[in-house]
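Chain nomenclature is as follows: A, B, C and D, assigned in order of appearance, with residue numbering initiated at 1 for each chain independently.
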Amino acid sequence: MPPAHPFDDDKLKEECGVFGVLGVKDAANFVALGLHALQHRGQEAGGIVTHDPEQGFNSARRFGYVRDTFTSQSVMETLPGPLGIGHVRYSTAGSKGNTQIRDVQPFFGEFSMGGAAIAHNGNITNANALRRELIERGSIFQSSSDSECIIHLMARSLQKGIPERMEDALRRVEGAFSVVAMTRTKLIGVRDPRGVRPLVLGKLGDGWVLSSETCALDIIGADFVREIEPGEMVVITEDKGVESIFPFRRQKSRFCIFEHVYFSRPDSILGGRSVYETREAIGRELAKEAPVEADLVCPVPDSGTPAAVGFAAESGIPFGLGIVRNQYMGRTFIEPSEQIRNMGVRLKLNVNRALIKDKRVILVDDSVVRGTTSRKIKEMILDAGAAEVHFRIASPPTAWPCFYGVDTPERDKLLAATMSEDEMRDHLKVDSLKFISLDGLYRAVGVGEGRNNASPQYCDACFSGEYPVEPADMIAQGFQMKAAE
Amino acid sequence: MPPAHPFDDDKLKEECGVFGVLGVKDAANFVALGLHALQHRGQEAGGIVTHDPEQGFNSARRFGYVRDTFTSQSVMETLPGPLGIGHVRYSTAGSKGNTQIRDVQPFFGEFSMGGAAIAHNGNITNANALRRELIERGSIFQSSSDSECIIHLMARSLQKGIPERMEDALRRVEGAFSVVAMTRTKLIGVRDPRGVRPLVLGKLGDGWVLSSETCALDIIGADFVREIEPGEMVVITEDKGVESIFPFRRQKSRFCIFEHVYFSRPDSILGGRSVYETREAIGRELAKEAPVEADLVCPVPDSGTPAAVGFAAESGIPFGLGIVRNQYMGRTFIEPSEQIRNMGVRLKLNVNRALIKDKRVILVDDSVVRGTTSRKIKEMILDAGAAEVHFRIASPPTAWPCFYGVDTPERDKLLAATMSEDEMRDHLKVDSLKFISLDGLYRAVGVGEGRNNASPQYCDACFSGEYPVEPADMIAQGFQMKAAE
Amino acid sequence: MPPAHPFDDDKLKEECGVFGVLGVKDAANFVALGLHALQHRGQEAGGIVTHDPEQGFNSARRFGYVRDTFTSQSVMETLPGPLGIGHVRYSTAGSKGNTQIRDVQPFFGEFSMGGAAIAHNGNITNANALRRELIERGSIFQSSSDSECIIHLMARSLQKGIPERMEDALRRVEGAFSVVAMTRTKLIGVRDPRGVRPLVLGKLGDGWVLSSETCALDIIGADFVREIEPGEMVVITEDKGVESIFPFRRQKSRFCIFEHVYFSRPDSILGGRSVYETREAIGRELAKEAPVEADLVCPVPDSGTPAAVGFAAESGIPFGLGIVRNQYMGRTFIEPSEQIRNMGVRLKLNVNRALIKDKRVILVDDSVVRGTTSRKIKEMILDAGAAEVHFRIASPPTAWPCFYGVDTPERDKLLAATMSEDEMRDHLKVDSLKFISLDGLYRAVGVGEGRNNASPQYCDACFSGEYPVEPADMIAQGFQMKAAE
Amino acid sequence: MPPAHPFDDDKLKEECGVFGVLGVKDAANFVALGLHALQHRGQEAGGIVTHDPEQGFNSARRFGYVRDTFTSQSVMETLPGPLGIGHVRYSTAGSKGNTQIRDVQPFFGEFSMGGAAIAHNGNITNANALRRELIERGSIFQSSSDSECIIHLMARSLQKGIPERMEDALRRVEGAFSVVAMTRTKLIGVRDPRGVRPLVLGKLGDGWVLSSETCALDIIGADFVREIEPGEMVVITEDKGVESIFPFRRQKSRFCIFEHVYFSRPDSILGGRSVYETREAIGRELAKEAPVEADLVCPVPDSGTPAAVGFAAESGIPFGLGIVRNQYMGRTFIEPSEQIRNMGVRLKLNVNRALIKDKRVILVDDSVVRGTTSRKIKEMILDAGAAEVHFRIASPPTAWPCFYGVDTPERDKLLAATMSEDEMRDHLKVDSLKFISLDGLYRAVGVGEGRNNASPQYCDACFSGEYPVEPADMIAQGFQMKAAE
């Protein structure tokens, strides 16, 4: 299975997308479409659970793309009913590269008052401690996934109803989570008190939809109603519609700013604004902060494109696709015995030699993680005869790992954790290298006054090292927080 | 297998790509990489033949993408040797949708003086007649592919050497063909007398490469030497290098102009110029020919992008990605029982609603074939709240089928075969619709003075109905040529 | 996957085989071989768990035959270590025809003092009640298998050690069970207090083996040590060897007599005697009880053969293979539109027409369950020109379902539940039909004095309707026990 | 894929089975059933060609068992029509272990008067020479199979009709062949002039059947009409029925005597007699020729069983299944690191230890080829405690390779080619070893007076070295014929 982004191995990766629908005929087909639209949030595996009044709960979990795994009649027929939820996932920290099918969400639990299924996007930062405690008391875990804690906490709750049990369970849980769950008759959505990960509500005819992003509403023709609020739980039934509860102690909202930079699809709407436009605005801001004389603004495909369009518009320098992506990517070719320089990158990209030759080129990329591909791209551009190479990065230096549901390398693998901007420029051997400032990013996402350093408006821990929720399990494993200044 | 272009079903499709290499260690690995870079020329199946002095000829043919079929150690180990050729194909007219593995090139024949393998891009316009004649004389065909005629003609030639037999055979053949062939020691390339389809020569260390396009030279780090000339046969050996022969009666060159418009990859070089730049020039020309007041120039992804960049630059109207392509495309989802409007198109594309809303939008596309997707896209754009929709098409109206190796619908399925430009505009219900003129296209590809109508510089039969080689088999089946004026 | 017995669909089916080994290099390879030798006890799926001091517990579960699923290097390499257990299964009553991979044993549980895996052959007759109780208390079941109760009971035990927890758990469980289990260092075997299902101990070099049957010791060259006793638990470690415990209240032994008739392999040893010899003795006893004048003794292949050899030897009537089995069986051929009489049976068997013609034939079969195939075989024999057909059955009439780990049809599907011997003869339209008597069967298996009706020496519930353990769950579902006489 | 015979690697192997049917609805389903019944004649691959008046010729070729490859609706639907032929094959000498799907019969050829498909059982002994000649004249071979010569010879014939062209072609061919062929309307069967390989005619309602053996008539309920005669060609049409032609120069009939010994299924009828009865007669003859005092006659399963039954009956020594075959055979298990003696044979067989212990055992086997498995079986029997081991072989020593469609090792691998009977006994370290005499075998197959040495009634070249057709290609490759005496 080929990677979907040309530099998957040098990007932060959102680990999950969730989707649920209630009150439609053959809910599974809608869930499959919704997950397909959310595939960029997790490509490793997907799962769907549905409930039918006559045939009860059914589930299917598969490795691979939704387009390949949830499109055959024979699979979809096993998932009847008007209510369903689904999940796409990248691998979690626990089982990287060795995921077993039993680790694939949604998880299902049979309680004395009936079954429930649950899927979530995010990460539970006290999962290890919870798991240990539950095993002591006789719970048998079926997966290595931390998310399974929620089901066991629910099983042990003394509450009568499943939503009430879920409240009990989620109050024990720390971290970032957007949950989609279902019982035989209810579709439930929850966002953690800080609202780190997204979750939106949509309407489809008489039915209701929950989704990580609005682009999955579009694919099924549903209308966007509103975002679920931080700390909100919605319990949706066919007869009563949406009931809203706020079960947690109130916290300041800290939405993930990287959703704007890279994770969300450009056609999704976040905070009332198209992600594409926000990225274009980042490019404009960057052109103001870090101008440079050049002949061509060239995006690193595909994610650098909107910021490059903005940069070109602001700077007046022509925009051009100097790098072409092979749309049939693959990364497992057998390397010929004769050396091919930058073989890996050539499978994915090629340079428009005639366009680049003798030009001063500005390369606009969304982020620098390890810096390995930035280097290879620079070499391809120089090989093609560019006169100068200037990197402009549409996010601040990524210097800290994320513990809220995003796959990041260990800290010492992050280029920005060990080098200053100038050191990175020298390391990459480019003529200039500039990242957008943190304040500039805040402005571009619409916070006119910039970052409130005393109480930041977003979670920007990957740039600032300021973690809104203490990563308890990681600290127990030796992670060093940023020293207080 | 998902389609690679979002509108595969409404595009002309190049039917083949060819590649060959001589004088390198493990030629098959290079051929696989080359075919991967040519995958846009044919996605249905691929084949590789190699020769090793000790293990003789070996071949493998597979349905599916090169990245999936020619990347496993177990397959590649069966293809040893320093000499190899390969082929990717779309389906041919003869066996559409029902291709059998035996129809996949290269074809191999054992002659009394040794074996030879042959692959070609193009179409033989007198294949039916040749086939009938060969069967009468006792040839047993193993495939439904017309290309097999060449092997049988070679088997019956009275010449001693294989290149000489190939000359004999190709002189009997009419149509458009770029051939790559091999014997135990020779790599051979041929272009038909009019040079309708492309073929280039490259150098890789001490070895030699033949390829449909230069982008496949780039992927293996080979240097571009030159284009094979129309009517030229090159016979390449390790010791003597490239020998050039011109076996055919001389004809006026008529290269396929649609290679510039759509078939070739934007990073390939044709006629000394990047295809990307040519397409940008088409966009500029189009902006000059058919200007319109608007707020946004939006490409129909992905192939419309270079022309849209050119159109925006020339017109000064902002460029923006108003349509976003789902990179995990698929087309086999089960349609939910509740109606989703334009379900098919939603799987592939989504509109950036916030960007489009209340704007006057210019949509730039490379061509209009059946017009079905143009219509769906227009509806999506209007649904998203666009104020006006203007189509600008980077090629003249496609009104005639191609018989030279391109998959086109029957003539009455071509929108431009039955409607004028204005009728198409009304049919599509858009505010305006303009195609580039044939002269404009000629200027954009670099023919300053425009088309020489007495003796056109390119094959533009799909636009003009003027076929440089008479499609004998098709006429026998009832095809009506354009009436002489 | 073809059935292994020609009349799988008209036989009682043992549901499981278990195997374990401790103290050998690469235990998984031995477990795979052992399971292969036990494949006749369950063909649907198999599982293996191993433990390695460095790599911990690993498991693999697969549908299909062991020869196909546990023979690839890539699978076996994932199962390192000197200690392993395995299981082959037919489907259980709960999930017939719809088994999911999570239902395949061994089951694994992580306890606070470490993990344990468990596999069992038999059936828990109070599983429903236990399951209900465990769910009330917060256990989350991962499978529909009743055997999972044991793991949850262990998780909730207050004992410190895993063997002690297993004792606790098994004391809550009713029914028939031969358990093989493992911790990080221990191999554990248990038979239920009545010893309904078999379990034997073997020695392999310095290592130890547990197996359902001795034939699986032979395949790996292990020596047979002894049978595990009814109600015994053996805990085996590398340093202390075999420790024997009797954790249950003592019960009278009631081994399954049908293991002698059909389930066990003829080359296994039960009660000190080859199963083949026992079956031959049954045939001799049957010849004494129910003689008939005839020309040929013909076994119904393959399971009727030993009894037919015995019948022929005792009666002096020639033995001959009048029915030939197709060794490439299959049952999914598309039935040709023209009627083929007894199509299904013809795929599996053919009659030796020349041998049968004009003969009086005695057909010896091991049992009659639904009677459907007896009827078809009779017709084939008559079609082939036999003069007379006499059925001799090497077991008493099967009139009651088994609830101890054997797959039996519902009672009203059992021919003998609704008809007397004479009615069956008329129903099958044969010249004579005789079953061995229950006393005769007891004599043949070595109980000289026959059955002790006050306190039977074996479990013969399928013949007598006298169930040694009350089938509580089935009675709750409405099953009618035999009225006390 | 597991082997079907436990000692496939130490048996001669029939290389092909052929089957054809005309005048029935959905012929392909009947062909699939027929090939399934002939699976013992070739397990590597199978192919079916059918013709339908509307949909023309269709074919499918697959590796693997018929039960797995020709039973899915999706495959069989591609094979419509009332006329079809099929073929099962073992690998041929040319491509052993490396067969490609294009080598799988039936072969199809398009001639100017229409298409024809052909399949054959046997071997063409002058194929190399013919192939060379055809290539010289411009034929392109698509396979490495010698049988393809027939199609090319037909393509070059000057005759008008296909049957006439086939006559022409077969007159050029030497060797042993039973051919089944078809045109659009005709089903054709041919046996070579000596009738080395079998072919029978059957009637199914209004339709007709050709098959290698009668057991394939039984499976579809067809009636056996007669054997095709040596040198006969039957041309069958729906309206005219069977026309019989004798196109070859008359030769003395030399049917393969090994078909009686091993190749044919025991329930087939050869020369008016059940193969099972013939084998039982061989056992009786062997008991007369080579009696020995012993306690048990034990067949080597499964092919030795009929002769063992005959030997036991004649000698009065009890018959017993001392060796039990694992019906779930496989041969690819990973050998555990600790040595298991005779691992390979244990996967397939186990000894009934209790039955064998302290007994003098006569092992009856059908043939000895390399002798490797005879030796392993002897060891297993001795390990189990047998007092004496006596081998009795139901065929004469196999000392010469077969060139008529049977897979035999090279001559120096045949145990009997290098040792006398006594040397073999010592080599195998058994108490006695006796083969049936050649005369004894002739008597058992019904030739009362034994072999006519001047003009043998059968082909017995594998025993006698007297080849009825000169193996020209093999002699050209250096094979040494037996010196004339």
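Here is the rule we go by: a contact is a pair of C-beta atoms (placed from the backbone, for glycine too) under 8 Å apart; a residue touches a chain by one contact, two chains touch by 3 or more.
Each chain and its UniProt protein: A, B, C, D = Amidophosphoribosyltransferase.
No experiment lies behind these values; they were computed from the predicted model shown.
Among the remaining chains, not one touches chain C and also chain D. In this assembly, the chain whose C-alpha centre lies farthest from chain D is A.
For the pair chain A and chain D, the distance between mean C-alpha positions equals 63 Å. With each centre defined as the average position of its C-alpha atoms, the distance from chain A to chain B rounds to 37 Å. Between chain B and chain D the centroid-to-centroid distance comes to 51 Å (mean Cα coordinates, whole Å). Under the contact definition stated at the top, not a single residue of chain C touches 2 or more other chains.
Viewed as a contact network, the protein chains form a single closed ring in which every chain touches exactly two others. Interfaces, counted as pairs of touching chains, are A-B, A-C, B-D, C-D. Considering their complex, residues 2, 4, 24-26, 29-30, 32-33, 36-37, 39-40, 43, 65-68, 71, 73, 76, 204-205, 215, 218-221, 265-267, 269, 273-274, 276-277, 280, 302, 305-306, 309, 313, 318-321, 324, 326-330, 332-338, 340-341, 346-347, 350-355 of chain A touch chain B.
If you check the complex, the residues on chain D that touch chain B are 101-102, 109-112, 135-136, 138-142, 151-152, 155-156.
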